[in-house]
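Heads up, the thing below is written out as structure tokens.
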Amino acid sequence: GFAKVDHNRKVRQGFPEIIFGEGKTAAQIISIMDAIKSRGDDVLATRVAKEKAEEILKYQPDFIYNETANILYWKKDMQPNMGDTGYIAIVCAGTSDLRVAEEAAVTAEFLGSDVRRFYDVGVAGIHRLLDNVEAIRDATVSVVVAGMEGALPSVVGGLVSRPVIAVPTSIGYGANFQGLSALLAMLNSCASGVSVVNIDNGFGGAYNAVMIDRMARSAREED
Amino acid sequence: GFAKVDHNRKVRQGFPEIIFGEGKTAAQIISIMDAIKSRGDDVLATRVAKEKAEEILKYQPDFIYNETANILYWKKDMQPNMGDTGYIAIVCAGTSDLRVAEEAAVTAEFLGSDVRRFYDVGVAGIHRLLDNVEAIRDATVSVVVAGMEGALPSVVGGLVSRPVIAVPTSIGYGANFQGLSALLAMLNSCASGVSVVNIDNGFGGAYNAVMIDRMARSAREED
Amino acid sequence: GFAKVDHNRKVRQGFPEIIFGEGKTAAQIISIMDAIKSRGDDVLATRVAKEKAEEILKYQPDFIYNETANILYWKKDMQPNMGDTGYIAIVCAGTSDLRVAEEAAVTAEFLGSDVRRFYDVGVAGIHRLLDNVEAIRDATVSVVVAGMEGALPSVVGGLVSRPVIAVPTSIGYGANFQGLSALLAMLNSCASGVSVVNIDNGFGGAYNAVMIDRMARSAREED
Amino acid sequence: GFAKVDHNRKVRQGFPEIIFGEGKTAAQIISIMDAIKSRGDDVLATRVAKEKAEEILKYQPDFIYNETANILYWKKDMQPNMGDTGYIAIVCAGTSDLRVAEEAAVTAEFLGSDVRRFYDVGVAGIHRLLDNVEAIRDATVSVVVAGMEGALPSVVGGLVSRPVIAVPTSIGYGANFQGLSALLAMLNSCASGVSVVNIDNGFGGAYNAVMIDRMARSAREED
Amino acid sequence: GFAKVDHNRKVRQGFPEIIFGEGKTAAQIISIMDAIKSRGDDVLATRVAKEKAEEILKYQPDFIYNETANILYWKKDMQPNMGDTGYIAIVCAGTSDLRVAEEAAVTAEFLGSDVRRFYDVGVAGIHRLLDNVEAIRDATVSVVVAGMEGALPSVVGGLVSRPVIAVPTSIGYGANFQGLSALLAMLNSCASGVSVVNIDNGFGGAYNAVMIDRMARSAREED
Amino acid sequence: GFAKVDHNRKVRQGFPEIIFGEGKTAAQIISIMDAIKSRGDDVLATRVAKEKAEEILKYQPDFIYNETANILYWKKDMQPNMGDTGYIAIVCAGTSDLRVAEEAAVTAEFLGSDVRRFYDVGVAGIHRLLDNVEAIRDATVSVVVAGMEGALPSVVGGLVSRPVIAVPTSIGYGANFQGLSALLAMLNSCASGVSVVNIDNGFGGAYNAVMIDRMARSAREED
Amino acid sequence: GFAKVDHNRKVRQGFPEIIFGEGKTAAQIISIMDAIKSRGDDVLATRVAKEKAEEILKYQPDFIYNETANILYWKKDMQPNMGDTGYIAIVCAGTSDLRVAEEAAVTAEFLGSDVRRFYDVGVAGIHRLLDNVEAIRDATVSVVVAGMEGALPSVVGGLVSRPVIAVPTSIGYGANFQGLSALLAMLNSCASGVSVVNIDNGFGGAYNAVMIDRMARSAREED
Amino acid sequence: GFAKVDHNRKVRQGFPEIIFGEGKTAAQIISIMDAIKSRGDDVLATRVAKEKAEEILKYQPDFIYNETANILYWKKDMQPNMGDTGYIAIVCAGTSDLRVAEEAAVTAEFLGSDVRRFYDVGVAGIHRLLDNVEAIRDATVSVVVAGMEGALPSVVGGLVSRPVIAVPTSIGYGANFQGLSALLAMLNSCASGVSVVNIDNGFGGAYNAVMIDRMARSAREED
């Protein structure tokens, strides 16, 4: 085949292969996802546009497509995390950041974490964030998604004492430079405990968060 | 002489000439300031480093030097704005932004406005800002000074209903790129009512604010 | 719903919610504008392309669409500002900057200010500007819109003694870098009293100007 | 005083205040550290150059200075983490990255984590990294420090299944652009589980890692 | 005609003219290729999109089109390099880099070198590269193609003792900036023996490699 | 010797060799200037700092040093251009641009043109420029020197009908980026007839202007 | 109307108004060109794409369209410059630069200069340029158009003793950054006598050249 | 010790360890060089400033220091390459590029190649290069060093049929951006057969060239 599926990775890293759908044809996505699914493994593809997803779903009607997140996946067994109170907070600034926030949320759920969404709580109306501060503080880790000036992770980072994964988005125009303004802001956050992933990389934010959440939850379960 | 002092400007704009001290020798600053002072006009120079100021003060002991602000000035008549409740809020994020904030504050006072300082109220400890929100809301205009991620003007802009002049500073390192991160963040502010001046331009922030404050105060005085 | 409409903002800021139309579907814009209108509040959406506007107008024929400005709005009560001589000057360099200048003008009128337009008065034919200088000087505040080398705000700022809000546009090509040249020029203006908003942000320029104009007009009215 | 020490932070975040020493005078650092120490709290200052540190140590001989890390601190109680096998791996590419790696290592130890150092294991001699892979895999979290092409976090991220905090350094010249090349490389890592902090921000890398390590260790201790 | 075909070049450089197909119409490509072919010379065009190629093939069915590489060529005489063990290694990181890697591979074969492909051996799964290290070491020269963080040439350069030509690709998003991250990484490689060509310039990588391979092979043949 | 003096150039170009003094030692400058002078040719060195010049003048007291321009030269025969009314206008925005303007003026005079200086006529006080417009219009060519927002060449270019050579300077701070703002503004000038040389390249501006002035003057002389 | 046609310009500058066609509709172009033509003035529009031109030509069949140059014009009187040997050299590097070179050539001819074209003489085959060096030296001024590495103006500038106007083009890919590489190269030319206009600004190159050529030709005619 | 000397490298790559002297103290350089020398291996350090070298030479008088190249080395056995006609051409544009060119030349000689220097043959006086073209063509490989517009490798690349390693230098000012202009020009070279190393990386250019020269020379020796 054209791609060496990294079978060894699940063993090495404890996570299934995740496919970057952009730039791949429907046929390529089907072929890779099938290969993984036929091994009995869960599989998820990000950045699958609606039209492409619909084409794929014709051949694979048991795949699930989340339109906001542009994510297509197949999972053996989708039951919720029972008897466990740990969760990841997905926080986002504005409705335009939704696609990226949902990419993070759906990925995190797929990888086995519980998620609570705190959307449209941007810094220009700070009371919306403050109203939710207790619930965000209780999360094991927060994924904070923001475009434009990218200020939200600094404010959240100052309010919580657990890790914040900041995801800049390309939302904005002009001196935004496709997300550069938010990216730089997040890298320069004056709050401690904030680390950053690539612009629009909701998937990456979730992946980091799940790694942390797993460790945190095993800790809590023991309590 | 080497410089055409723009005598016409005070008439045209209602403000005295202000000297940009950087790159000028002590002798040049003395000569320009003297020329203006000898006309009976007030005069102020920004960005005068301590050593240079000390040299100048030997010749002109009646000039006043503010070390934090790096400002040297002479003013006929320094009495406060009596019987008037309007003021400009100078808000700044961290102690490192002090030089720029004070450049703004001293300039604004020199130009005839009252000033209230709200320093070290950066977004990573948002309660410090929230504690001062009423007093900032009451200002006719706010000058908000911040480096690093430059998030403060967005938060202030969302809390007040009067203009915010944002002044990015070059405070930071690495992906700060000498103030670019704060500048871009402020230009992309999702709060309405925020406009921006050059990096480290405390003077410019103050000048804009005084223009607005004057109009606002005449309004209030009439009430 | 997908968006938390910030109902509290009008109270906090004294201005109605304004919708950023770009990236929203016709259906989303209708739903938000309806929600606001049905509260009896005025509502305006910027960056609504012609086709989208036409689709919306089918459902909401009482909305008004300004094609040059790409603005769609609904206002209870559009009467002019009577018995008041204050106005905002909207100054622009070339015909290519019209879209942004009109975004500013229509927004300012919607928010309740009077506006006077001074268009196509760019610096390469300086007499066109000089012919209008008295009327621009009399404005409470100027919004100066320019692309390419972005020189106009410096010239205007040197001629007037009230605030200038500079709006860089993305008009140009090559070393213009989508408005970067105009943006940098404006941030580096050697005229005092110039502050800057994001590239193509006519809305933001207007919003700042209206805040100032309101204060200035109440002052004048008292005279 | 000139700075509002954020006393509330320790409560809010569970970590002591850490001082950014750059741009502060010896006198300022002494005054802040004393204020904190006199409350009985531990205190650490980063980016304290040798000369400044020596000046401070004259007044405060019980402070400890780490020259490679440029860190000055005081800690009530420095005993090691007993009866616990969790640790943070600090991995760095070359000897030039040592200052940043040690800033991370000393900060992490100060904040209460155990640290294991894997230095000079850059990708141009990959066997040096492979020789240490088991020990790095066993860490709860890795802080991976690299300048120049910044490739190391991608390789480490592909070998381990726990979080990697990548710290780009400004080591390099020419097209390195003061660390931009390493920063961009890390943000674009094709390995999952990598998040990034600012250029040369060893402190930030450590702070994030300690947050994670704490959660992981409580989990393990329960086993 | 519209182009001066550089007939002198083959004599000067020992290589046939190669056409840059992008931005040329099918008619222009046919006319240039025909002119060269009719002299009896081999001819190749890079960056010929599928639709354009199909149009050309209608008129010139004896041209050969490689779809992955976007290359169209005509060669008198395609026999392999017999009795010679030298080859160029074309190494690439991910399946998305295939277009560029194949542009390099097909160009090199056209110019008379043997090629061995090592695809999908990116650094995030380093074992895939290590499995192939002997064969890559035996190549006379390696062309290493990678996008995103561009780390692969550094790892390969550290493992082999012959020249590495690094080809950054524009694969990635966000802080990738159309290949800038990979380009900067490769220019800053801490491995010796790595030189770099333009982003996505598979052709250029191959051309350099063939020049080297020719010299190396004549050397070996003599042994 | 260490440098191949391009003896052929004067023949080829009709101008003497001009030395770039920056980065050369006093000894190197003396040795090159002597070599040229001893051929009987005029010689000029730019960017010679005061200390270096003083050192050189000890050995070559007949050299002339212009401190503002940082230029050192020797000329056989310095008589003015008699019986000829053509001249180059050197126009500059502010006193900070003086060094570059004088580099242009002294170079042009050295190369045999008459020069008229119009200094400190920046756009923020446009009347200063307008007062001089007739004399600038009469020049054969203008060299327009400006830093910060670099607006002056656009205004001059719109007022005159002969060529304008724009010289951006690095004067400014913050978002000036060492002259980038002025450079971009000048390249994007909406006035026709403006071409641009490198930042701070007063020499280059003069050299271009003298080439043009020579042609224009021979034309006039014939009238 | 929507545009203030700068009628005064022809008087001020001796050149007709030239229209920037990009971003204007066919209707707008017709209306402006008609207004000028109906005054009896010549008129030219640059950057008119083929489809738009065809639409315009339906209404104005006496306009002339040059497809390569994307230029549309009307000229009373197109006779050649008789009895005069002066001309402008338009030199270009590759066939891809043709559009810009022809924009320059057609503009220069329209403005009344004679033009000689030297196309496809890029530096990678330097003999092609050297073969034409005498004819280029004899031009009153050269417009040198090049993309990619933009080296041609430096080589030409070193060979001629009259002004070179360098026009960078956006031809290239990858690290070309839409013409930035050629622009920077030209601004840094080590040849004296080179000035630069905006990327792809063939019009601007021609306009500057014609200004110079006019002065030079009047000089020669007198001889 | 603080550095893991990569003993395995010589075996792996056939070249001795080379030390990057910048940022290392004299003591560190002595200690590393001694370690290698005491194994009987040759050793070289680049970027050793004169003062540092003099300090080191006091302890190690048998080391050799080349001041122009800023290189310090020790070699068992410095005899020339007898009975072999292959050599590397080191070509450089101007005298300012000498430091980098000599870094390349001395490194190449140290690594066992013969070198011929072609200095001060920049493109603004193309005859200087053309005079040397035969000798450059005969080299096995050329290292072409240039700052400013970086045009030289394109011209050389078009004249020779063997590989060109281009080394951009940071020589220049203003829009040079510390070597960016030369770097971009070289990456965009329209000549085939040019690959690029980092700005000012004379060492890297030499290293690549020696790898190629070795293969070429063994070929020739066999002839």
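A, B, C, D, E, F, G and H label the chains in the order they appear, each numbered from 1.
Basically, a contact is a pair of C-beta atoms (placed from the backbone, for glycine too) under 8 Å apart; a residue touches a chain by one contact, two chains touch by 3 or more.
Fair warning: this is a prediction, and the values are worked out from it, not measured in the lab.
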| item | value |
| --- | --- |
| Chains contacting each of subunit C and subunit H, listed by label | F, G |
| Required steps from subunit F to subunit H (each step between touching chains, minimum) | 1 |
| Intersection of contact partners for subunit C and subunit E | A, G |
| Matching chain pair for F-H (criterion: over half of the contact pairs shared, by residue number), options B-F, A-D or E-H | B-F |
| Contact-richer chain pair [A-D vs B-F] | A-D |
| Distance between chain centroids, defined by C-alpha means - subunit E, subunit G (Å) | 37 |
| Subunit E and subunit F: spacing of chain centres that average the CA atoms, whole Å | 47 |
| Approximate Å spacing (C-alpha centroids) for the pair subunit B, subunit E | 58 |
| Euclidean distance of C-alpha centroids - subunit A vs subunit G, Å | 52 |
| Touching two or more other chains - residues of subunit G | 125, 158-159, 174-176, 180, 183, 187-188, 192, 198-199 |
| Touching pairs - complete list by chain label | A-B, A-C, A-D, A-E, B-C, B-D, B-F, C-F, C-G, D-E, D-H, E-G, E-H, F-G, F-H, G-H |
| Interfacial residue positions of subunit E with respect to subunit D in the complex | 93-94, 122-126, 130, 148-151, 154-155, 157-159, 172, 174-177, 180-182, 184-192 |
| Residues on subunit H engaged by subunit F in the complex (per definition of touch) | 95-96, 98, 119-121, 125, 127-128, 171, 173-176 |
| Contact set on subunit H toward subunit D in their complex | 2-4, 6, 8-9, 20, 22-23, 168, 170, 178-180, 183, 198-201 |
| Residue ranges of subunit A touching subunit D (in the complex, touch as defined) | 12-15, 18, 140, 158-163, 165, 183, 187-188, 192-199, 204-205, 207-208, 211-212, 215-216, 218-219, 222-223 |
